[in-house]
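Dropping the structures in below, format is structure tokens.
Below are two complexes that have subunit A in common, paired first with subunit B and then with subunit C.
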Partner chain A sequence: MKKVFAIVIGFTAIVSSVTAQDKFFTKTGKVSFYSRAPLENIEAHNRSMTCVLDSKSGNIQFSVLMKGFEFEKALMQRHFNENYLETTRYPKAEFKGQVLNNGEVNYTTEGTYKARVKGMLTIHGQTQEVETDGTLTVKNGKLMAESDFKVRLADYKIKNDKMNNISNTISVSVNCSLEPLNH
Partner chain B sequence: MKKITLFILALTGNFVLLAQDEDLLKLVDKDSSKREFVENAFKSSRVINGHSMEMIAKGNLDFRILHRFGVINNGAKNFFGLDEASMRMGFDYGISDNLTVGIGRSTLDKEFDGFIKLRAIRQSTGERSSPVSIVLVTGLTINTMPWTDPVRDNKFSSRVGYYHAVIIGRKFSEAFSLQLSPTMVHRNLVPLANDKNDAYALGIGTRFKLSRRIAFVADYHQILSGLDRDIYENPLSIGIDIETGGHVFQLHFSNAAGMNEKAFITNTTDKWGDVRFGFNLSRMFVLKKKKNN
Partner chain C sequence: MAMNRRVSIIVAVLLVAAAIAVYAWREFNRKNESLAGIKPAYEVDATFLISEFNANDTVADSKYLGQVVAVHGMVKQVEKDEEGNYTIVMGDTMDMSSVRCAMDSTQAGKASSLKRGENVKVKGSFTGFEKDDTGLLGSDVKLNRGVIVNADNR
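Right, the complex of A and B next:
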């Protein structure tokens, strides 16, 4: 019996350590967005996005606190939080999806891989299915995840003002450096 | 023996499969107790007349134009008070997010005023949270009217007054904010023999948001001591804040004509029956942009 236990403990340890290294994460992912409108261009940056990627399944998740977006003008930031994204009511934006071509990404060999990602994106309390292209770069045991995509305000029930000071389509850029997740 | 191992293998294998559907973020999201400031309790740095718990953001300049008209019940011959306009023009600047300075000049008493406003405690949630913001304001006023009694040995110091206020405020919900502001006003020279040099008042200010851009506001100061209550009234203002882009319009009715703390606390003699219309216009300019890359 003792042997069995030893084997079991040993085996589960191996299993869990293996699964642990299958996952990559960061809490300091960068996400930026840009609005180009005739009156003024707006950009904002957030450097505290959380991202976890499971290389085995290709599952990938993002979460970002909306209040953490920084604008160069304080008034823009205030309007973003108060009038447009209502960040007290909807504090987080989230993405939960999958790398569709996960089999083509070799997480143990250095290189840059194209990734097709599909999943559910939640902003301002509204969830939409999105699909976009990005890249995964394996280097020095780390994983860089990058993607650019567009978000339509109307899809997430974000009201533009009458003067259209902000563009109806916002460009979003995601840039994360993921590290192996150890428990 | 083999059976047991197989069984356990099967179990753990199963567990690994199940684990794929779990919320990956739960593996790392543990610091939900991060400190977060509570912002935008009021739309403007003034409730109406008195200072609000809001500050001017760092590097921003708030250009403020305030108007107070005559009493409405003077009737049509005075166009319900609009014939008489008294104004204050001022500039407030955010040296840092917690330190604002401002200067202004009012028609009433041809008075200059300046103030320093410091946020000592900022309402926040999470770690090291605070349920309230505490803001200290200290101001100076200098009236430049001709001396009422030129024969008297008039000194410059007689033109000077001071005010000090502690604002304790809380944003209770997205819609509702409330603040209390015990205020002390000191005048080096008072107009009436019965007036004390030091007057004390308790300010109460509140905001109730009606929509994302429109809010109901009320601003009241209860005189506690130092002023003859047969002559002086408690200033009460009730109004609407309208926010459009970089502007905030505050339209209101008030029995006070003064537009700085000294003026509206120690100079309000009209009852609320003699209410007057007024507006504050605030235009925000960004002088220094935040570094961002």
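Right, the complex of A and C next:
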């Protein structure tokens, strides 16, 4: 009886340690964007993005509150919130997708892995399918997820002004340091 | 005489134009000011704030979106990222839901000395509520550009 008990406990310990290692997350992920236009260059940063990655399935999710983007100039921030992204109406941007080559990423061995990611990106209430490249780096028990990609304003029904003061294509840079999710 | 009058009108117009240009230029370049000197629109307890969002996030969103809010409560965690930015996590330690305030870079010194379990009051700009769909992470009320108003023993 004692033996059975010990086996059950041992098995439970193994299973729970495996599931705890499955998922990685952060709530302090960084996302920045850059617009290059003749009048001025604009950049904004948000360092409170949530990201969850399931290493088993390769499912990956990002979610960010649009009002959390910080600009150098107050007026730019106001225009971003009120005129371009209408952040009171559309407070959140989201990505839900998959690491297509998840089998090639060894989450338990330190190293940098190329990741091909595909999924649905929602900005300004508009959802588009996107596919992009990024890297996953396993180091010191953490997982760094990085990617740079471009977003066309027109794809998400974001109106540029008549003077084209912002670029029609915005560069987005994502940089997250994820930790194993422990219960 | 008519000549003098014309000159003074031109000078006046130029002065007004210059004043407008200076105002527009300064407004265009105005930096985001620190929240330290700004009076909060609301002052609220962290756990109460979370309960407002759990009860009805649409109503709570419309109340707080874009507002400067002072929140007091217990420190659950002080997080520091690779670049030295701090986030103060507040609320009930038994509950997965929290108030998360990303701190202004000027607050690093004060934020680093905060301890878990300590009471703190921070002021921040409300950016939204993130409902947890996974059941793993807890829901969060989020603020940014945070400044510490006061803390225990200080």
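Assume the second predicted complex is superposed on the first by the 166 of 183 C-alpha atoms of A that agree within 3 Å, B and C clash if a C-alpha of one lies under 4 Å from a C-alpha of the other, contacts with A are read in each partner's own complex, and residues count from 1 in each chain.
Just so it is clear, a residue touches a chain if its C-beta (ideal position, glycine included) is under 8 Å from a C-beta of that chain, and two chains touch if they have at least 3 such contacts.
Note that the structure is a prediction, hence the values are computed from the model and not measured.
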{"item": "Fit or clash - subunit C, subunit B, common subunit A", "value": "clash"}
{"item": "Partner chain in contact with A:N83 - subunit B first, subunit C second, else both or neither", "value": "first"}
{"item": "Touching partner for A:N165 - first (subunit B), second (subunit C), both, neither", "value": "first"}
{"item": "Residue contacts on subunit A - larger count, subunit B or subunit C", "value": "B"}
{"item": "Partner chain(s) touched by A:N59 [first = subunit B, second = subunit C, both, neither]", "value": "first"}
{"item": "Partner chain(s) touched by A:S177 [first = subunit B, second = subunit C, both, neither]", "value": "second"}
{"item": "Touched partner set for A:T28, first subunit B, second subunit C, both or neither", "value": "second"}
{"item": "Touching partner for A:E43 - first (subunit B), second (subunit C), both, neither", "value": "first"}
{"item": "Superposition clash, subunit B against subunit C - the stretch among 58-66, 148-156 or 202-210 that is involved", "value": "58-66"}
{"item": "Footprint overlap on subunit A, comparing subunit B with subunit C", "value": "23, 25, 27, 50, 52, 63, 67, 70-75, 81, 88, 181, 183"}
{"item": "In the complex, subunit A residues that touch subunit B", "value": "3-4, 7-8, 11-12, 15, 19, 23, 25, 27, 43, 45, 50, 52-54, 56-57, 59-61, 63, 67, 70-75, 78-79, 81-83, 86, 88-89, 94, 161, 163, 165, 181, 183"}
{"item": "Footprint of subunit A on subunit C - complex, ascending", "value": "27-33, 61, 65-66, 79, 81-82, 85, 87, 100, 102, 125-128, 130, 134, 136-137, 140, 142, 144-145"}
{"item": "Interface residues, subunit B side, partner subunit A - complex", "value": "1, 4-5, 8-9, 12, 16, 19-20, 23-25, 27-29, 31, 36, 39-40, 57-60, 94, 174, 212-213, 243, 245-246, 284, 286, 289-293"}
{"item": "In the complex, subunit A residues that touch subunit C", "value": "23, 25, 27-28, 30, 47-48, 50, 52, 63, 65-68, 70-75, 77, 81, 88, 91-92, 177, 181, 183"}
